[in-house]
Structure formats: structure tokens, C-alpha cells
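Note that subunit A is present in both complexes that follow, paired respectively with subunit B and with subunit C.
Up next, the complex of A and B:
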């Protein structure tokens, strides 16, 4: 699962809290990718990858330095800020420096759907079973990749801006082959809302293109 | 096709003119074409904050074929006294009702149907020229019917010339499509029937 707004703000607060430079911007991104792969009309692998990255950019007399870490402990965040400040002192003057943003007004996006974030192995096995069933019915060898990607990101500035956004994405990409190797078809689609990803259409189109 | 204002102002883009001028205000594209950035479009719903922290706005980059505005980083916006741009959510749509792909096929005399383009790389930003390959099927169409599959091709094509007045025959209904080379960046774009497109060699790709 990705970081909530509260958890993200705690990270950017801790980063900016140890900045002694003139200006600074803190970022934190977290991601959660999970997949089910199938080939030769059978399930192959299921996996999950989670990650987090915190980054800080500072300016000392318009000299810029950045550092990042995947460790959210107090010590690691503090070290990242220290590294960024060390680099800033060594860097040339950033002639395109602009002061970091003051508080902005954001109109939220709609790219996060809870149902997409909650897809589990039985859900995706069910969707892929349908694609495999369609392949078998059409005398086709099917292979593909079903993936859910969740992303949350936040940034905060020394001048008081903060924003947080998260997005969900589910995709199915499929390749269909005729058993004699003479026909191949591919189709893929993605959506932020699992209810609006037409997996049956993905399978149907891939199979049709292989067969035509 | 980069809509970046600085690239245009500094002579590096298809929207550049000699002497630091740009093609903003020029009808470069087919008059039916609108290119809009709108992260709230229900089928697209993208992030609304740029990497620089700038909030998104619904913006027409091209309206009725005319380049209306370019995109500004915070720094370039300050230099040029413009508003900085939020993130891009790319929508290409027609101001007229879209044709279905089936209708495009049925009314075509001689044409090629391309299932997909991939491995697309920039060749020349000043003409918005890209190269790439077709993949997963190209079919020959004659008198409204798909006759047979043909080999894949490499193409070299300026996107500006592709979308120019006189080259765009039919514009489809936009739909959400995913990049075939990874990334999270969906676009909302239609199928197109074009009068000319530069296929330059055959390819062995499947």
C-alpha cells in the first residue's frame, strides 16, 4: 500500500525540519506494483513490489544540491538533507533559481479508485481465467500481463506549499498466437478504475487480430 | 511533439520560427483538430500537480488547428511574463463527430490498417519527426475490405505534417490508450485515416 497524506506529510515535515539552507523542497513518492503473468494459456507468476523514495532539494545562496533515500528513518532523512546541503555548497550558482512556491490551491484529480487498490490475487486470477477461456475456445495460445500500479506523491516547500496526490492504475496486455505460428495479435488497455477496464475486450481484440 | 515554450523560443522545436518567433497563432493543423490538456477528463483522470508543484489547468494547446498556447516552466514563465504550466494530460480530439475504425475501413479505396506503432524515437525535434515500427499486424485494404496481412514497416514521419490541413482524412473517437513502452502515461487519442504517411522500409518484427 502507498503512503497516506498524513504519512507523506510526516516525511516532508521531517526533511524540511532539518534543512538549514536558504530554501528547500521535499518530495516523497511511494509505489506498490503487483502482477499476475500468464503464458501458454496457464498462470505463470504472481508478484509484488513496493517502494518509497524521499528526496530533498536545497539552495544555499542560489547554489542547488539534491539527495534522496529509500530509508524513511530519522537518521536517513537527516543524512539526505546533510548530503544535499554539502552538494549545494560545491555546486555552481543556479542562474535559473526561483524561490520555492508558497501555498497553491489545487483542484484534486480523480485518478484514485479504492476498488483498484484492493484487487487481490483471486480477483485477477478470475479475470485472467476468462482471457484463457476465450483463448482456448478460439484455439489460440494466449500470454499476457495483468498489473496494478499504485502511486502516491507529495511535495512540500520551505515557503509553505504542500500537495499530495495518489493514483491507481490497472492494466491487461495480451498477446495471442495461433498454434501454427502464422498469426499473432496484441491488445492492451489500462484504467484507473478496475470497473472500467474491459478485460474481456482486451482478450477478444488480441484473439481477433491473431485470427484475422 | 513538445509544446515547450522555451524550446520554441530558442529555436529547437517545430513551433519555432527564425529570429526567436514562434508559430503560436498559426493554423498548423487540420482545422478539426483540438489538442487539450485536461487531467480531469473522466476517462483520463491524471495527476493534477506538476513536478514543479504547479497546479493543473484545462488548456487548449491547439484549437481548431491553430496553435493557441505553449507550455511554460516556472523559470521560463517568469522570463516571458506568462503563467507557468501544470502537468500535461494529452487529449487529441476532433470538433466534428468521430468515425469508427470500421467505417474508416469500409469507405477506403486503397489503404493500410496499422494495429500499433512502437519503438518510437525522435529524429528531428525541429520538424517533430519521429521514427518507429509497426507491430502486431498491418493489413492491406482495398475497396472497403481487409484483403490480406502485409509485412511490418519502419516509418519516418513529421507529426506536424501528419496532422496538417489536407493530410487528415478521417478522425476517430478518442479513447484512453496506454504507451506500449511502459510508463504510466495514458493518452486520450483517436484513430486517424491519413492521406499520406512515410513508410520507409520493411521490418522483420512480428
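Up next, the complex of A and C:
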């Protein structure tokens, strides 16, 4: 799950609402990640994971403490704040401490493309199968890794700043080897827009380098 | 049974001071709530997978707790505790794997995620070249707890911090020592596995990595040398802190770090090496452990970790080392990091030979690997480092057996005219086939005419796996055997971190190439 800006702000608000320390910053990160791995010209593992992580950093008299949790319940977030404040009391003085940021103005991020967040599973399988087919045709043994990562990050400070950014990334890398092991080629590309990732080219270049 | 143990530990902690009691109380309450429902939640996943057409399915509902404390001289640099909880569902559809995972552990989410895993498998199955088949495994219901005596999460933080600061103080007393860093990391894995074969397995694992590093700086030359702790990570509880002579070793390390600054730089050439278990474990790991991973031999890791010089046709034929060399794989040694009762396939932990009387004889396998070489059973090497990652082949403990006679380190040294005695692991490098390698160390001692002479420095030994093990002509006995290992063994895509131990005696190797690693700036 990739949290929206509104949902992310709700988490950071709840975290900062529990802070009694002198200063604090709340973070929330959410991801939706999937992969398809292949080797020896066949599919190996393929999976997807979704998760969220909330973290709070506090300062008590320039002493810093942090704690994190994957549980977004009120009780868990309050406990994370309490833990961070306990750690801060144990920490040495952070001589490089600077107060957390006041409200800033950010330009909207450009690294998210909806199409990348809606990868079509049969289409992905077809593209990787084509890469394997290129290997088979060239008498090459191919191994590689296709992944799609969707990530949203938000942070908020006790001095009134809030920032939210999300990004998408799709990549394919491939290692091609001749069966006797005497030739090897590698090629990889990534982009935030799935339409800009040329999987056929990745396979073609890796195979060419192994064959040359 | 495991849950009762956990609650007992948590409740006895309530009377102590510091951070641990409150956190344990919270964690225990949360865990107890989910534990009561785990079996029912597993049924949801397995029934959904079956309804959706999976020929096999499993679900892991796992909780991971970790704590790390880092200090330097008399300051606490960082304290962190993390808890990570979630589940992963793995399905096999038309001979193709699918996996999905989430941190939201509810019945509705498990149904949704199981559907996602099946969708992935089904989409890929249309293009799958080689269908997966699984070696059979018996159904089992089990609870198991690793071999620890004192749960480190039950020990108050201030006691741990005081231990580290005292350790630092002991090292800093030595004249010439400039810095000391020390830390301890504790991990608790609470694993639950349910499979469509009918298995239900709960495992509770504890492991720890206490360590320190002493630095001595020469103000005259600007040179500095370090000496890291030799006691490695173990699947032990806080008793590891209390029973291992950490303070004495810190004092020894301080003296050795200072001595290293003035030590003689090694003359490159061929030397007989007597290698202590604190160094040899890493050589075993890289040259024998990774080389005997069947997935590497089948090129499954060709895009990342590498392949192996041991190809499937070599099993039972290739001379790996001298006849003295017997290398065993196991997941059963108490206090070893890869020890479990059952792997993530539900296969029971075992012990088997990889190298017998110097001949390479067998592989590390999983249920989907074993049939590929005609085996009818798995050795139980499937493992995931988290609920969020798909389980895949990981190294068991891989260890060199001690010699039949109880030969001592001194007796091995006595048989060396010109050589080097090596303690502790240092820098390392090995090629992608686990064949050509180079290893450093922590301390090096010149051996002259059968006696240990002064300290040396800048030593690294270089060889090929079969040449090196073929040069082994002496093994220490059982009394020299030690376990060491890695907390951070990387492999796989997406990358996962494995933990693994390697036991061995002190061992002697003839005429190994030694390099001088000092850097000349001219």
C-alpha cells in the first residue's frame, strides 16, 4: 500500500501529537514492491510486498532518540514516541543539533507515473518471457531481475513543516552467459515511467555483450 | 509452549527498572492476541489458495524484534529497538511460484494477499519453461525454542550499556590506545509456518552479536591499526555476555592493537599457515559454503551472488581437499546461527557431509532444488529473512570437522619451519565461482623453527579453493574447535540477509601464497 498525502499526514499528526520532548520529527514510509526473478532461462521467484513504517525522532535538551513501528494503531504510535523519548534521555548531547524545520515550500515531485503503479502481470510475464526467448535463440543462458517499487514518504516537524513525496520505479537487469562460461554480458535500465523501460533492449544488449 | 515461556519472561521483567519491562509487556500482549488467532488465519490463506487452484501453499506469520546499542569510549552513541510483524503467502500454481506479503495481519488482508500471490503465479505460469516439482516432506506439528538460557530482551538496557562502557574502559587503560567502539545486537525471531501439507510449526530463535574494535594511532607516523573482537555472533542469549571473557579479550585486543602499529610488515612469499578458527570460518564460508549451494551451481544466482566452480557433474568425483578434510553441513548444532528445528519448507533440520575424506560429495538443497539432481528429499535449506521476503535457498552451518587426535595449536605450530599464525577475520575477496580468493585477518604471528615469534602485519593469503584445502596437512582436535559466523550474509534478488555459523578446529596449510597489503602512496 502506498499511503496518500492525507493518510500520511494523519499518521505524522498522531505521532507528533504525543511528543512532549523539546523538538521532534515524524516520518512515515509506505511501499508496494513487486519482482520477477529469472535464471537458467526460466522463472524463479516472483512476489509482492506491501508495508508501512512510522518513525519518530525527538530531542530533549539536544539529546536525540528515535523509534519506529509497523503498527499504525494509536497505542503503537504513542509507544513509539515514548520509546524515542526514553532513548533520548540516554543519548549524549548532539552538538550538531539544529531545530527542526519551520514550514517550507516544496515543488511537486515528478517521479511518479500512474501506469508504473498498475503493472499488468501477464504483460510483465510476457516481456520477461521474450527476454528469455532471445537468450534461447542466441544459445545464451539468461538470468535477470525485474522489479517495480512504489514508495511514499512523508515527514512533519514540531515547528510546522510537512513534506510528502511519492515515487515509482521500474527496472530490469540481465546477465547473459554462454553455456561454456567463456562469455558474459550485463545490461540494466530503470525508469520511473514503465513506458520508458525497453525490456527487449536490455535483453538484446546483455546477449550481445555475452556473444561478442 | 513457546508463548507461555514468552509471557513468563515478560512478567518476571515487570519488577525491573529501565526500558525493557514496558516494551516487553506491550510486545507480549500484542503477540498473545495474534498467536491465539494464527492457526485460524493460516486456515484462511490455505483454503483460499486451494480454492484458487494452487497445488501447494504455505503462510509464514512472523514477528522480529531487534535491539542494538552502540558506544564509543564512555559515550552511548545509539540505542535502537525495532519490531517488525507481518505475513507472507507462497503458492505453487501450474509449477510456478507466486508470493505476496503484508504487514496487516487480518483475515481479510490474508484473503486479498493470497489472491495476489495466486495472480502472480498464474500470470507467470503461462510462460514458465521448467515446472517446479517439490520433494516430499512429512507433515509435522511442532514447537521449538533455540538454545539460549537468558532472553536478552529481558535484560534492562542500563545493564547492557554499563557492560559496554566498562569494556571500553578496560581497553582504554592500555597506553597507546586512542579509540574503542563497542556494540551489541540482539535479534528474536518468532516464526510460524503452516503448509498445505498439513504442517504447523512455531519456532522461537534468539541470537546476538556483541563486538568491539580497538584503535591505536601512532602520533609520530600517523599510522593507525585496529584489533576487532574475536568472539563472533552466536545463537545464544545474554549468557553469552556473562560467560565469554569479553573484558580480558578487550584488554588483550588493546595490547595487540598497540603492538600492531610497531609490528614487522610481512615479506611476501610462500608460508606455511596455522589458521585459528576465528579466521578460518570465513574461508570455509566463502570457499566451501557458497561453492556447495546447489542453486549457485545451477546458475540461479548468476545475476547476483554468482555461480560455483562445483558443477552438478562433480559431486562424488572432485577432490576438494586433502584426505583430512571433512566438511559437514548442518542445521542442528546448538548455538549455531543457522540452526532451526524446521526450515521454511517444513523440512526437519539435518546434518550431512559436503566433503568427505577430501572428496566433494553433496549439496545444500531445498524441496524445489532436490528433484533437479534426482534426489527424493530436501536437506532443509529454505529460509527467508523476513515475512516480507520470499523464502529461497540459504546456507546451513558449514563446518570443518576436527582431527581424530586431539592435536593442539602448539603441536601444529611445532611442525612449521617458516610460517604465520593467523587470528581473526579481516578483509576478504573471492570470485563469482567461489574459486580464487584472498583473506586478511586481525593478528598475525611469525612462526620460526616451530615456535611463535613476534607479531607481523599487512598479511593476506591468496589461493584457489581446491589448492588451499589440498594443502591442509594438520587439524587441531576437538578441544580447538570453535564456532564463528556471519550476521549479514547477503544473497538473492531482492537481497536478503542470512545468518550462518562455521565451526572448525585450528588447521595447518602448507606453502600458501602470502601478500603484503600495505599501501604505498608513492
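FYI, the second predicted complex is superposed on the first by the 211 of 212 C-alpha atoms of A that agree within 3 Å, B and C clash if a C-alpha of one lies under 4 Å from a C-alpha of the other, contacts with A are read in each partner's own complex, and residues count from 1 in each chain.
Just so it is clear, a residue touches a chain if its C-beta (ideal position, glycine included) is under 8 Å from a C-beta of that chain, and two chains touch if they have at least 3 such contacts.
Source: prediction; values computed, not measured.
Considered on the superposed subunit A, subunit B and subunit C are sterically compatible, since they fit side by side. By the touch criterion stated above, A:143 is placed in contact with subunit C alone, subunit B being left untouched. Touch criterion met: A:109 reaches subunit B, while subunit C stays clear of it. The partner that reaches more residues of subunit A, of the two candidates subunit B and subunit C, is C. In the superposed model, A:4 lies in contact with neither subunit B nor subunit C. Judged by the touch definition given at the top, the superposed model places A:18 against neither subunit B nor subunit C. With both structures placed on the common chain, the touch criterion links A:178 to neither subunit B nor subunit C. When the shared chain is aligned, subunit B comes close enough to touch A:192, but subunit C does not.
Our angle of interest has its tip at the CA centre of subunit A and reaches the CA centres of subunit B and subunit C; in the overlay it is 90°, to the nearest 10. Taking all C-alpha atoms of subunit B against all those of subunit C in the superposed arrangement, the shortest distance found is 5 Å.
Residues 173, 175 of subunit A are contacted both by subunit B in one complex and by subunit C in the other.
By the touch criterion given at the top, residues 33-37, 39-52, 65-71, 75, 79, 82-83, 86-87, 90-92, 121-122, 124-126, 128-129, 132, 141, 143-145, 147, 173-175, 177, 181 of subunit A touch subunit C in their complex. Partner subunit A is touched in their complex by these residues of subunit C: 19, 22-23, 26, 30, 75-86, 88, 96-103, 113, 116-117, 119-121, 123-124, 126-130, 157, 161, 298-304, 307, 388-390, 392, 493-494. For subunit A in complex with subunit B, the touching residues are 25, 96, 98, 100-101, 104-111, 149, 151, 153, 155, 157, 161, 163, 165, 167, 169, 171, 173, 175, 184-186, 188-192, 196, 209, 212. Contacts from subunit B toward subunit A in the complex involve residues 39-40, 42-43, 45-49, 52-56, 74-75, 78, 115-116, 135-137, 139, 146, 149, 176-178, 180, 184, 186, 206.
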